[in-house]
Amino acid sequence: MKILVPVKRVVDYNIKVLVKSDGTGVETAGLKMSMNPFDEIAVEEAIRLREKGVATEVIAVSIGVQQAQDTLRTAMAMGADRSILVLSDESPEPLAVAKVLKALVEREKPDLVFLGKQAIDDDMNATGQMLAGLLGWGQGTFASKVEIADGRAEVSREIDGGTETVSLALPAIITADLRLNEPRYASLPNIMKAKKKPLETIQAADLGVDMTRRLTTVSVAEPATRKAGITVGSVAELVGKLRNEAKVI
Amino acid sequence: MSEREAMEFDVVIVGGGPAGLAAAIRLRQLNPETTVCLIEKGSEIGAHIVSGAVIEPRALEELLPDWLERGAPLKTPVTEEEMYFLTETKGFKIPALDRVMPHLANHGNYVVSLGEVCRWLAEQAEELGVEIYPGFAGAEVLIEQNRVVGVATGDMGIARDGERGPNYQPGMELRAKYTLFAEGCRGSLTKQVMEHYNLRKGVDPQTYGLGIKEVWEIPAENHRPGLVVHSFGWPLDDKTYGGAWLYHFGENLVSYGFVTGLDYENTWLSPFDEMQRTKLHPVFRKHFEGGRRLIYGARALSEGGLQSIPRLTFPGGALLGDSAGFLNTPKIKGTHTAMKSGMLAAEAVIDALKTDRAEPASYTGLVRKSWLYDELKTARNVRPAFARWGAKLGALYAGFDAMVLRGKAPWTLHFKHADNETLQPASLSTPIAYPKPDNKVTFDKLSSVFLSNTNHEEDQPVHLKVRSVDLWKTVNWDVFRAPESRYCPAGVYETADADSNPHLVINAQNCVHCKTCDIKDPTQNIDWCTPEGGGGPNYPAGM
Amino acid sequence: MTVLVLVETEAGQIRQASRSAITAATKLGDVHALVVGDAAGADEAAALTAKVPGVAKVLKAGADVLAHELAEPVADLIVSLAEGYSHIVAASTAVGKNILPRAAALLDVQPIPDVVGIVDADTFVRPIYAGNALATVKSSDAKKVLTVRATSFEPAPAEGGSAPVEAVNAAVQDTVSRFVSAQTPTSDRPELEAARVIVSGGRGLGSAENFNALLEPLADKLGAAIGASRVAVDSGYAPNDFQVGQTGKIVAPELYIAVGISGAIQHLAGMKDSKVIVAINKDAEAPILQVADYALVGDLFQIVPELTKDL
């Protein structure tokens, strides 16, 4: 069984981004870029499935600029067997990404596409669901536990106030949530070895996918900062305020 | 230990700053067959680089003469220069700067983000075939039969209690015929090597400064690209060496920072607060109006100069750049000297490789014959003069040295004390009242550290090792009232329960890797060790 | 313009988040509410939804395949009904986020998730970079598919309306997925990230014993989760997974009570989106007071037990 793992190159989660002073976007030039943390979890889970003998090959794929190959090298240092870079100019929208991935799925014929539940830059949380829709496959989003058996995937999903388990016929789409696993480090020896693993580059245009954006960014602003409230004099006053003014208890 | 994987190279370089990268580039230029591996503890090249920076392109010119065509990020030539002596309310501009303080004449130099320069140098190095691995800290020097045979990277995934966590990965041995230490000021492996080979024998103690820096974005109408401002005097007292810088560069950016000589005596002094309050001085304040602060960072620098440079080579390797102490203090520049030292070390290593000598000893001679040595020799008496006679007389001496002696004084002034020996007890020090942050121009420590994007994996042993907790109580607290809580620019050290049961709390996660605690602790009770690779600040481009 | 809103029900009630979605939808046009479930569930949900003021019509889809709001059949259902609607809206819940992007893909639309503001029929405000920036985006799609953040829109009242209910063709299939089971946590203590109320402790508590002795009764009383500052975790007062902050968990409960937390900016980054923040601290200058809606300055060892008693 083959697993395809799409990975996105995003501003590192340790970096606090700043809104450009002209309000046209977020300053990303010169910032440290890393693999989207949810994608790391997806890569880890795919590798574990291969290590358990469930999967035979893990293929990482990224869509974006040339430097996204660093992200793919990281995925291969973690254990992915090979990778595919689909070159495109700007950061494409989930709809276009899902279409590119659909084209790759038709070429590679994986039994499972394992994605992160969302990217920490645009916070869209959509690509996995959209790819599942385009392919007509079952989807196990926000996965906190995955078991593969008898041609099906049993996925425990994080839902509001608990978890639910669904059973999906393979091939299927799974998106990883935070608690699924703790990804391994890409060790130095493995980073060195990953340099020799195959990385194929193709042009998005060659896949015949229309990458035109549907959303245009009108402006980007910093969120309003919180203002200091009031100092209350006693516990009784606090309880009164919480009950009658804030109405949260 | 046998479970560690090993890899062999001709040369391993520890540290991806200007010295290490220049050495790497030179090695491959001189012999493209040389296998060169460079490791860097920051999450990427540039992530731990803090510098003003006005750089002199001299060494770069020699290393990569076509740097302009290659798109080096030297975009802002120095256009105007101002040097001020400050009193609390006034600033006196030093006239005829290029004659009185010729070492500060900056025409022909560039205001840069050194982090960006290093990122660019790393691209050049990789193009030449250097293998660069950021995110891996050199944790251990490998010494066999009294020869350095490489370094080992730190284990990853060790839990806080020292046990192996679920994601444990052993470190890796990077073995090399020659290992070059380019860790910057007060490198943790350099320290071990110096001790093992007794490299500091017969030289003055190193003296240090702590540079704390902010990058601001200011309104375009106030931006004067290429403006370079320096100050000395207020707010430091006459006995304390230091001053501020302010450079306009790039796209509406301002680099502002403050260096405090770590031989300061007053235990109540807080370099961070000196940096903050200097912004309120009329000479500086106007530059910040309507701007916003983008980045914060700090790093110690070596100020000792020629007298404090240790023996540079040992069997199996050499010390480069600020790890050796090649900074030109009166010039406040170390990038060109660091790069030059790296290039000379590369030559020596190529030479030693040919004859298979253990020690690349020709490095020392190459340094002596180069402009690097001449420059440091000329500058050698300025910093010690400040240490001896204070800021005003020191400045006078510096002028005399420059205009009359032209750096050719027949004498050499020496440093008598290491920086950890200069602190005065709390009872003999005058408390300093620093103004509260206004959150417009001045800020508190923690919101500052926030802008350094600092993080360390939480579940790992504390990388700031206090040798004796008792010693902290009897010396640091009882005598000096916890100076580390003031000199640390990242709020790592705090005293908890000061009223009842004072004890030291170490917020290791905040550490910006400046190394000041390793330098200034009165009894050298704090040992700065490398944390898990990739930890520490993540300075963005612009820093 | 007519807007189709996917409404979720839970334990015999319309989820509050769905009532917020209805409010958002009324800003865009007439609201048709879609309820799904098995036959009985859909009936019940339809009756409840019909009473929500602002709903012009309820579309009821009852079928066994829809019982568990699985994305595969519900997305197909939405697509089959999409004709004639300018916007398709759901709350940004686990259900809404699971279903709507799938439906959007089938409609060849780029969805707009987590809307916090509506500028006009094509233009919406949504957070990016974990809320560190707000982007205003304009869609060129003919039909818009959006999920909305419940906290940004007042929920529509549960009672007061009387919309007509229309049964729709629910003949959708699901051959690829199957519901197995649902698990709700056995612990009474909610999880940090999902809690409505969080009681969080810092260094001011002084010890692990105090941390538990003071915060647990308060949290029990409020049905709250317990959090901690990094210093409290570092000092061993609380386990690692309690940590709220930039490097711990990012939370946004309705009520966040910070006890003995000074409010380092790294902590504030993890809880500043809470609806109401209460700070209990002996230091009137503590940074947490700059973001607190209600601050009580004093000895937490007296205040917290008193508060626990008074609630």
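Each chain gets a letter, A, B and C, in the order it is written, and its residues are counted from 1.
Here is the rule we use: a contact is a pair of C-beta atoms (placed from the backbone, for glycine too) under 8 Å apart; a residue touches a chain by one contact, two chains touch by 3 or more.
For each chain, UniProt lists the protein as follows: A = Electron transfer flavoprotein subunit beta; B = Electron transfer flavoprotein-ubiquinone oxidoreductase; C = Electron transfer flavoprotein subunit alpha/FixB family protein.
This one's a predicted model, so the numbers in the text were calculated from it and none came from an experiment.
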Exercise for the section: Determine which of the two chain pairs, A-C or B-C, is joined by the larger number of C-beta pairs in contact. Expected result: A-C
Exercise for the section: Would you mind checking which chain's mean C-alpha position lies nearest the centre of all protein C-alpha atoms? Expected result: A
Exercise for the section: Round to the nearest whole Å and give the separation of the Cα centres of chain A and chain B. Expected result: 38
Completion exercise
Separation of the C-alpha centres, chain A versus chain C, in whole Å, is 21
Handout entry: Whole-Å gap between the CA centroids of chain B and chain C
Key = 47
Practice task
Pull out every residue in chain B that's touching 2 or more other chains.
Solution key: 450, 455
Problem - Residue numbers of chain A (touch at least two other chains) - result: 16
Practice task
Spell out the residues on chain B that touch chain C in their complex, using ranges where they run on.
Solution key: 444, 446-447, 450, 455, 458-459, 496, 505, 507, 509
Problem - In the complex with chain C, residue positions of chain A that touch it - result: 11, 16-17, 19, 26, 93-95, 98, 120-127, 129-134, 136-142, 154, 156-169, 172, 213-223, 226, 228-232, 234-236, 238-239, 241-242, 246, 248-249
Completion exercise
Seen from chain B, its contact residues with chain A in the complex are 5, 7, 43-44, 47, 116, 119, 131, 133, 136, 153, 156-157, 166-167, 169-172, 217, 252, 292, 294, 450-451, 453-455, 538, 540-542
Exercise for the section: Please name which positions on chain C make contact with chain B in the complex. Expected result: 203, 230-231, 234-235, 240, 243, 246-247, 264-266, 269, 287
Completion exercise
Note: in the complex, chain A contacts chain B through residues 12, 14-16, 18, 21, 29-32, 34, 182-185, 187-189, 191-192
